[in-house]
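Listed next: structures, encoded as structure tokens.
Each of the two complexes below includes chain A, the first together with chain B, the second together with chain C.
== the complex of A and B ==
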């Protein structure tokens, strides 16, 4: 490890991250990536007076640590692209080019990331990948889709019914979320609410990532009971979303028992969050330094009862779903992502685990509730829709077991929130949370006066949309919705 | 009297059958479901609505729904109904029946292509491919019936009871099953198609009507319902010759489509939709059933058990 060593949620001084000359930065990042380290964040930050800092955070998952590198671009804003050797960098480099004009030389497809209407254009000019040939036909879908979902544009190049290539163009929900964290004078409570809306279906994942980053910078210790409630809430969110995803997968293949039954089961789980904090998505449950609701009175018992009921129902319905021949014939060998592709693209979360990558922030970089309650890494090998569905089934059970474990050892009632402390000036923190969708990264930099100077968010979707593009190649275009649902990625979590 | 029943049934069945399928699915999902005649209310609602017509379309798009419905109504004239008799009969009329339905389908596909939408084009291409595969199966089946009964008109094909003993026992269930598969394929029901989906990329039948609205959409839905009712009437006619008396056949003829719709609803409730590339295999099952029927007919005729000339 040549960079500065970081731990999940533990800050280091900005001065401890050496600013390397560009050539050395390139060599070191490349050497670490060759060593098997995984890119977690790669972003520009204003370095004063027309200068731009480029930060790169790589994860050493086996040793539970992170490596951070920095370089400074003063005049010339070019560097050698990492993408040709390490495709996982491709979106990060496009993003840094779009936001800070850092030009990665040799990048194979330096296209806009979130810019819908680039400056100087009078319309949408996104350069979709094109496939030439007499029998090739293109199918455009979106940005407005059937059903109440988010906007995004898909362009399929097909040979008959077979998808040869898919290009996805997002950015329609860009609202400048990262910048909103830097509003002067915004209290941390307001920023926590903001973090909860980065991706509404990962409310607790992003909320927790923010809280962890802020508490790291302030050096606050979250009370034990609050940590337990956090873990419980995050696992409830995971179970609810996974169950909902299995219901939606059933819906896509018109499998009525799964769609109706699992949809109803999800309601049991989100209604448990409702009982705890008054919001089915867990809004307002978290506080900076702890939690607002402490499972007081008989709520803990009701949570246990609901979890038991939901697990029973999910077990029964999953048994039906995964033993039905008509379902398996749709799931198996559809939308396969090989382990090599998944690793090259830097995929994370259940989608990566379904392709055999043993990646789980809860186990690799444990923090908060997971520091004292280990989580076993689960992986499947086939990387198809079946694996992405079945890994969810396994994780639902895992989450329910984890919740029962937390309830068994729930620390006695006491303080739920640690008193706030000022942020450490000139510090850098990387906060990782395994939300249901995968690795959620919040990285923060503070300035000399202890205010946030740069806030960087990487949702699991940022990595995994590329995985979807690969998964559908060679599949029937009619199987695209099924592949898409098996990933269930966030548009607004990507667009920020 | 029978003609009145026939006409009334042809007016009611297209709506009722869809309503029954939806009700069965709703109950299977633990819901109460919409009223049985909801498709009829939807039909009336659509008739009162205005239309949105894409600028890329031509006269083809505007005329097709109407003409397509007319083609199916024309086809209905040759289908044996409650008395086992059709409104019009002549030797070889079942060929005209099949091609009236083919004409209706062609018009629908032409209108779909006329919109210039990639979704409609894909839906039309799928519908046409599967239609091409269905046609030989249908004619093989009707040919078998003609061989067994030795008759030429559509209604007479179904007079299986007239002294064909053993043979009819073999041919009847095979023909019934093949016709049932035909309803699933041509009616756009599960596991072939998913009438409830909103995902354009997976659609077959629904995709070809994506750009239609108002009365045109009402006509398309009515034509589809009527087609299902006609095929259901064919299934009923397989058993009619075995029903004695004057009331029983009418009751059976009215009850059989209801039963068929309920079965289709149950199948849609318990099976996931087939992968699109596997649909031809399902259609080949239909062809195989017709082939087995023909094979046994030829064999038994050779053995002297059949009554074929």
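== the complex of A and C ==
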């Protein structure tokens, strides 16, 4: 592995990131990708006077390392697209084109990423993928969907009931989140709250990724008690969302005992977060340099009681769910993503693990609470709705066990927050967190005066929406809701 | 079958019986109580700590439309000038009443904040169907609105439900700061709701832009051209906050 070696959450000087000539940059990316490294982030950043830097961060998961290098576009803004060889780059390249005009020559589908109404157009002009043929029909959905969920547009090309192609166009949720991190004078506490809403259902995942990035750049050491609370909260969020997803999957196939019972079980878990910090989503729990709430009084004991109760209920209900023939007949062999496809698309999180990829930031790039409490890697092989549901069941148990382990060895109460320090100037940090949805990436660059100059966020959804597009191919269109829910991806986490 | 029945027995009854007065954890950050008497002159620690500039001093006020209920002001004030109570009934029909101050204490808020316009009662008292539109909502509001219909809260018992189509709805519930990209779809959805119709804003983003108020990706003109009937604060609003506001609005007991 070449380039600067990075560790999760540990900053390096911007000068230590090699800026390669374009040809060398292309060769380097290809060589590392052929070597099995995985793209984590690939983004433009203003390089002064019309120049643009393109940063590439690749992960060597086996060795817990990241490689970072860059290239500079001063005049000509073209490079040879990596997508034909490595499809995992396809959205990153489209994004860098949309944001900075960096043209990847040879990209097979250079379409908008988040632009709904491009300048000069009166309507929506997104060129949806089409399947030609006399009997092909298209089904358009969105941007507003039939449930209480976020907006996005889907276009299915079908022959009869069978979906041959799905094209997903997002961007309706774009709030300009990354730019808001760069507001001059914004205190880090306000930015932390902003990070918590990048995807509100991954409040703790994104919040922690920001905190880790900021603390890395400032060199703060989070108190041990605070680290334990962070790990506990992140696992509560994971368990709650996984239980909620299993409830929703049950609802999609009209398995009402699962929908009702697991829905109520999720309530126990999120109300535990409420008892800890006053918010069912963990809003306001994290602080820059620590946490605001430290499991004071009898709260640790109540957390344990709630976790035991929730695990009992989840076990009982999952036992029913996964032994019901009517459930299994809908789950099994539906929406299959092969390991090859999952790897090629750069899928992450439970969806990747359900397709046999052993990827988990908690184990691969451990930081914070996970540096001292290792997490066992879980994978399943079949890559269908069943696997994406069952991996959640396994991870719920894993999270509850992890929480009990933390409670058993809870560091003594004391300071909850390490005093903030100024950010290191001209530095670069990549912060990875395994949120319930998968790898959450926050990358930050500081300028000469120690202010944020570029803030890049990659939600797990950025990789995994392409997985959903592949999963539905060859399936009946009526199984789409089931496939979709088995991924449960974020719209605003993608749109930013 | 036997296992299903056993499960049903073990599960018991999980619905909150009285949604008007359930016990919520004391730690829940609901309606804030302001006590300006505690403030020394020239202290603005709370206002400085607020991420959405919801607080003004002299006199001390807190705009619940901007508040994200993070508790930073409470932590910044050593004298108890702002204390978040666990009261969850915060909905109001008047935007200006979202600005809490000492003169507008709890009783004022609880008794008069939801307008009795007559019309909503006449039309919607027994049945109110709502179409939710997420216009940049981060999924937290959406999760809480979904939770309103789960077995714990069971909003449907009051005849209040979310519909799939705006054509079947009596009104819109808007979440999110209203992005440019969603502004047209929001107008379309509004146009598709038959008269008489209401507009409900849920969550700090919808009420004021929230943490995204300074974003240049928003287009909030929808709120200038359409009357808003109900404002529900929170980030996100707790299901009890939402359900109680709507029940008060349509005049259910």
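Rule of thumb we're sticking to: the second predicted complex is superposed on the first by the 496 of 496 C-alpha atoms of A that agree within 3 Å, B and C clash if a C-alpha of one lies under 4 Å from a C-alpha of the other, contacts with A are read in each partner's own complex, and residues count from 1 in each chain.
One rule holds for everything that comes next: a contact is a pair of C-beta atoms (placed from the backbone, for glycine too) under 8 Å apart; a residue touches a chain by one contact, two chains touch by 3 or more.
Computed from a predicted model, the values in this text were never measured in an experiment.
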{"item": "Fit or clash between chain C and chain B when superposed on chain A", "value": "fit"}
{"item": "Chain B versus chain C as contact partner of A:283, first or second or both or neither", "value": "second"}
{"item": "Partner chain in contact with A:51 - chain B first, chain C second, else both or neither", "value": "neither"}
{"item": "First, second, both or neither for A:194, with chain B first and chain C second", "value": "second"}
{"item": "Contacts of A:74 with chain B and chain C, given as first, second, both or neither", "value": "neither"}
{"item": "First, second, both or neither for A:171, with chain B first and chain C second", "value": "second"}
{"item": "Which superposed partner A:477 touches (first chain B, second chain C, both, neither)", "value": "first"}
{"item": "Touch count on chain A, higher of chain B and chain C", "value": "C"}
{"item": "Partner chain in contact with A:141 - chain B first, chain C second, else both or neither", "value": "first"}
{"item": "Partner chain(s) touched by A:260 [first = chain B, second = chain C, both, neither]", "value": "both"}
{"item": "Distance of closest approach, chain C and chain B, by C-alpha atoms in Å", "value": "6"}
{"item": "On chain A, the residue positions that both chain B and chain C contact, one per complex", "value": "146-147, 257, 260-261, 264"}
{"item": "Parts of chain A lying in touch with chain C, wherever the complex brings them together", "value": "114, 116-117, 143-144, 146-151, 171-177, 179-180, 183, 187, 189-190, 193-194, 197-201, 203, 244, 257, 260-261, 263-264, 267, 271, 274-281, 283-284, 292, 313, 316-317, 319-320, 490-492"}
{"item": "Touching residues on chain C, where the partner in the complex is chain A", "value": "3-4, 7-8, 10-11, 14, 24-25, 27-29, 49, 51, 68-72, 75, 84, 132-147, 150-152, 162, 164-165, 176-177, 179-182, 185, 189, 210-212, 214-218, 235-236, 238"}
{"item": "Contact footprint of chain B on chain A as seen in their complex", "value": "137-141, 146-147, 161, 250, 252-257, 259-261, 264, 324, 326-327, 329-330, 334, 476-481"}
{"item": "Complex contact set, residues of chain B against chain A", "value": "25, 28-31, 118-119, 122, 126, 190-191, 194, 196-202, 268-278"}
